[in-house]
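What follows is one structure encoded as structure tokens, with my remarks underneath.
Chain IDs A, B and C follow the sequence of writing; residue 1 opens each chain.
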């Protein structure tokens, strides 16, 4: 029998009920360690997905880099670089097993990635990144001067 | 031509197929550093969203605070505060660039936020927070005595 | 009145528009500290969910363990264990309040979990874990020799 729905038209909906969008950033830093504000790229991914409620995952695709949320303040960025190098994981290539036999000298960059983390999930509410007043998203390059990538993936409604 | 579906009635479904719910917590701690169990608020957000499968993001909206999962044990909370202050990031305001020129003295709180992290994703399974027996969610205030917020965002089905 | 949709058939869709799948891993390590590659289990969860776009949450269900993304390189794993023990959180049971009165001696394992984190969100794109060339997912056991669990939860389309 034919279906009737009163005032509710029956439109089949595409699999895009839940919308996703994926984009990638590539960085080739001039310095081996560098901190880069990527908040505008996160918002661009949200907008491209067309979501008003959901999440944007921002994740480094390398194991010697970080993604984190903190303050857009150059003094603090230098504090972070110094703190990683003096207190958390000194570069000292000769101190790490990873640096013998692999041809690598960047074990410290791996440990810095573990400490600061390699990804963040950004909440999206009412069509905006749902951040407090000072929160910004950063890419932390701990072993750069070569092309490295970040994946941004939005999912929501 | 009219559509027929046998036993499957064709009901258009609202955008709420995937459900989301967002809530906010505000803390004004008496002490500058404090650890607060917010697990019940996470469950309240899940229940308000009405989801049985999905995630709840719990994210500090400030860059001098953390959200983390650990143990409801006051001795450990004091261990965490001591460890952050002696081993990870001593308060020592004069040691940080961030504290000169910005009028701030809380660079250490930023570094503690980077170390412990500012967010967690809590899995929801069969209508419950899918935690092991000892897991609880905490807000870690590293520079309080002023109103600060946490966003909770549930998304699922 | 009967509904017509031209070339669009109106199929009601099950709540599985968004698909989720949850699985659990259990580890009983021989050594008290151990690092185990669980990437294949993450992919198995994605495949079981049947998602091509979305996320897989991988989360330790214990507060003395970690889940992290890094390098499949045994020298580095030993570097991580040494670094946690010498620089981040020495085992020294007598140094922690948590270890007096609770019958526990594992406060350091809690602090290591806080530093490295207990969960990761893995992006899924075009039916694959969207990782860079060296990224692998690991379970970090900081207080083992007993059964401990990890939850994997995929959600997407």
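Some notes on this structure:
We adopt the following convention: a contact is a pair of C-beta atoms (placed from the backbone, for glycine too) under 8 Å apart; a residue touches a chain by one contact, two chains touch by 3 or more.
Bear in mind the structure is a predicted one, so any value in this text is a computation, not a measurement.
When subunit A is laid over subunit C using CA atoms, the rotation angle comes to 120 degrees (nearest 5). Both copies, subunit A and subunit B, contribute mostly unmatched positions to the interface they share, with under half of the numbers common to the two.
Look at where the CA atoms of subunit A average out and do the same for subunit B: the two points lie 18 Å apart. With touch defined as above, residues shared between interfaces to two or more other chains in subunit C number as follows: 2-3, 5, 9-11, 13, 17-18, 55, 88, 115, 117, 121.
Residue ranges on subunit C touching subunit A, taken from their complex, read 1-3, 5, 8-11, 13, 17-18, 53-55, 68-71, 73, 75-76, 78-80, 83, 87-88, 115-117, 120-121, 123, 125, 130-132, 134-135, 156-157. By the touch criterion stated above, subunit B contacts subunit A in their complex at residues 2-5, 9-13, 15, 17-18, 20, 22, 57, 59-63, 88-89, 96-102, 107, 110-111, 113-115, 117-119, 121, 149, 151, 153, 155.
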